[in-house]
Amino acid sequence: MPEKKTVYGGFPESPAYIKVKGLTYVYNSGGPSEQVALTGVELEIKKGEFLALVGPNGSGKSTLARHFNALLTPTEGKVLVDGMDTRQAEYLWEIRQRVGMVFQNPDNQIVSSLVEEDVAFGAENLGLPPSEVRARVDEALRLTGLSEYRNHAPHLLSGGQKQRLAIAGVLAMRPDCLVLDEPSAMLDPSGRRELMDILTRLNRSGGVTVVLVTHDMEEAAAADKVLIMSGGRPVREGTPAEVFADEQLLRDVGLELPVAAKIAHRLRRRGFLVPDGILTVKDMVSYLCR
Amino acid sequence: MISSITFGQFIPGNSLLHRLDPRTKVICVIATAIAVVSIVKWYEFAILAVFIFLSMILSRIPARIFFRGLFSIWLLLVVTFSLQALLTPGEVLFGLGALKITREGLAAGCQIFLRLALLILIAFLLTLTTSPISLTAGLESILAPLKRAGVPTHELAMMMTIALRFVPTLLTEAEKVIKAQQSRGAGLGSGEVVERVKGLLPLFVPLFAGALRRAEELAVAMEARCYRGGANRTRMNSLVLELPDYVTLGITFAVLAMSVWLRFQNRL
Amino acid sequence: MPVIRVENLTHIYSRGTPFEVTSLDNVSLEIQRGGFYALVGATGSGKSTLVQHFNGILAPTTGKVWVCGIDVANKRLRRELWRKVGLVFQQPEHQLFEETVFDDVAFGPRNLGLSAKEVRERVFDALRLVGLDPDEVEQTSPFRLSGGMRRKAAIAGVLALHPEVLALDEPAAGLDPLSRRQLMERIDHFRMDRGITVVLVTHNMEEVARWADRVAVLHKGRLAMEAAPREIFNKAEELRAMGLDVPATVELMLCLQARGVPVRTSVLTTDEAVEEIAGLLNRT
């Protein structure tokens, strides 16, 4: 896996890995229960970037995410993954190997009743020789800290561990990009922390492009870039600092600022000259202790 | 808590039998079963019983676990024995009015009792020493030639694997649904038949709906991991027959051959 | 007289089998009527097991539990506890089963043996309480509703019992922040309006700080702490050692204090944190 420079804000001069142009998606198009989920989305995700896709329920963020690995294809517009058009059937499996996806429910992604077998599932689907599969399984288990559980039954793992297992299963396919659809929604705080640790590690040292769909702004604060969705449209795009500067927008859309950012805003409203860019508790502490 | 019990009674271990290829075990079980139904004479039963008991020892699983399983179907054994003993015509040994036990009946009863008991012990030898995953892989491999006849062996094996994986999960969910409905006053188990069946709706509808939901989500997750059926798929743990497998197969087929030969001898 | 009293409660699952698990170990606590009580603990701490003793689903292995004056050891009376204590399980939308929302919410009231007229009143009342429009949804199939609406319908099904005590296990899990806040506000409003007691099982410390007036912390089946939220959050180290956390506001104050900045650490809400920091900035 290539090394990534830790430049805040990602690689500005990086090529676009995923390009979304004029994307419109309609569920049950033409039928009685037709529903427009996305309208005119334009987006570029750079290689090695950590993007947070945020928005309230129904904003279309999950629908958008599912276009990145061709689970859904556009009704109008197009989505290109490393140059490959997702509507073209001959690229389908290549795209899905390059862009892995982890879903919200930890249980409903696990195929086998043995951890190492489940991790092997994706690599086996790629038709790799057994020795290669085993090597990748070992690697994936190591990256997600699950090596000691390799012979365990998945249903006995905790929620956080199950999600790590899901990630391991995707990592065994050596994807360029990892898309996660609200992966921590059903986890407890320690599970959430484990998950975010792995994601930031994979992104920073592993160079894996990460797209995290979430409505937890504390998680979004860890990203390089944030895209706010509402009503099927992108509403604001920028670094976390840029996006969280507009408290009113977030409130209108139905989201909440991370606590530190909220405190910073209230202080600003009281007349204190608190700088922008305070997103996390750490930021606030650094500012107050300078 | 139901979910901590592994389905299929598999008891992990490192014995000779545990380490055999699952295909070997399946084939030997079938072969030995054929032998058991072929034999007739007492000494033949004795030889087979010794063979089976030796295998049980080699499995290093305590005998009481085998016999506890036998015990749990005592009713079946008793009923079949009794039917044979009472309904076989021949020389009457003792009787009570219309119920007559004949010598031939006793012999037939003992025979069928022994056959059933031995068959069950053989089945246990398989399920106690072979993990469900291993078993599925073994069956898939054995049935692979049928693929050419159009039998979807891979899909069947996949279905079994997923079913086994979800059994504990679904049991936990069933527990939760039952508790949730009881929390709203659901009786779940009292009243007349029609009432009771209707009373099961609050359990079955959520379970079915939940299972369908899981199936859909799982299918999407599998597709996202490039699953497209059995074509061009490899397996990390491939099954390889080794010396112990060949030896076991050899011995078992020898026993089978001997049993069949003895059966023919008896016929002549 | 507390509405719930627990004395030396121990609960062992699968007793006598090789799978024996002690889920609760000698737990004692009291829950006062009309309050908002939080039960926190990491996964496996026993909090779900404990709350299932309150509505009669589980019985103690040893020890005593009194709910609304009833000793749960009395099997016949325990079987009727569901009428007084409503329990909302995690992801309650997975228990919907009827053909219409009306029938599903009516399940509880019908089991209570109420008249058709009373059942109708209760269903409509409960639907309004959770923010659903009865006229709109009553004839709809629950399976046609969105996830959020389904959850509301499921909660309404328990509210329709008009319980004296409402116990909820992670009711807001998986909801977006706005829906989360709205739901909790409704629950608290319901509590104050009808004088019921609320028991919230959660591991979201922000919620505990915002809503609870008393907190019990469980760890591996034992009661580790039991006090008002402010006191509980003073013990951040202990909480972290148990796999729990403190609200972000408290964490902020603790970090500042660790750096030698003189701040109070017993802040709970964002407003209090703002006050404290404003005071700090004014002094420097």
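The first chain written gets the first letter, and so on, giving A, B and C; residue counts start at 1 in each chain.
Here is the rule we go by: contacts are C-beta pairs under 8 Å (C-beta built on N, C-alpha and C of every residue); 3 or more make two chains touch, one makes a residue touch a chain.
It should be emphasised that the depicted structure is a prediction, and the values quoted were computed from it without experimental measurement.
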Touch-based graph of the chains, sorted into line, ring, star, complete or other: complete
A-C compared against B-C, more contacting pairs: A-C
Most widely separated chain from chain A, with each centre as the mean of CA atoms: B
Where chain B and chain C are represented by their mean Cα positions, the distance between them in whole Å: 45
Whole-Å gap separating chain A and chain C, where each centre is the average of the chain's CA atoms: 31
Overlap residues in chain B, where contacts from two or more other chains coincide: 4
Interface residues, chain C side, partner chain B - complex: 13-14, 19, 21, 52, 55, 57, 82-83, 86-87, 89, 92, 94-98, 107-108, 111-112, 143, 157-158, 161
Chain A to chain B touching residues, read off their complex: 69, 71, 93, 96-97, 100-101, 103, 105, 107-114, 116-117, 120-130, 133-134, 137, 153-156, 166, 169-170, 173
Interface residues, chain B side, partner chain A - complex: 3-4, 6, 131-133, 161-162, 164-165, 168-169, 172, 213-214, 217-218, 220-228, 232-238
Footprint of chain A on chain C - complex, ascending: 42-44, 146-148, 173-179, 181, 203-206, 243-245, 247-249, 251-252, 255-256, 259, 261, 270-271, 273-274, 277-278, 280-281
Chain B - residues contacting chain C, complex: 1, 4-5, 173, 176-177, 179-187, 201-202, 205-206, 209-210
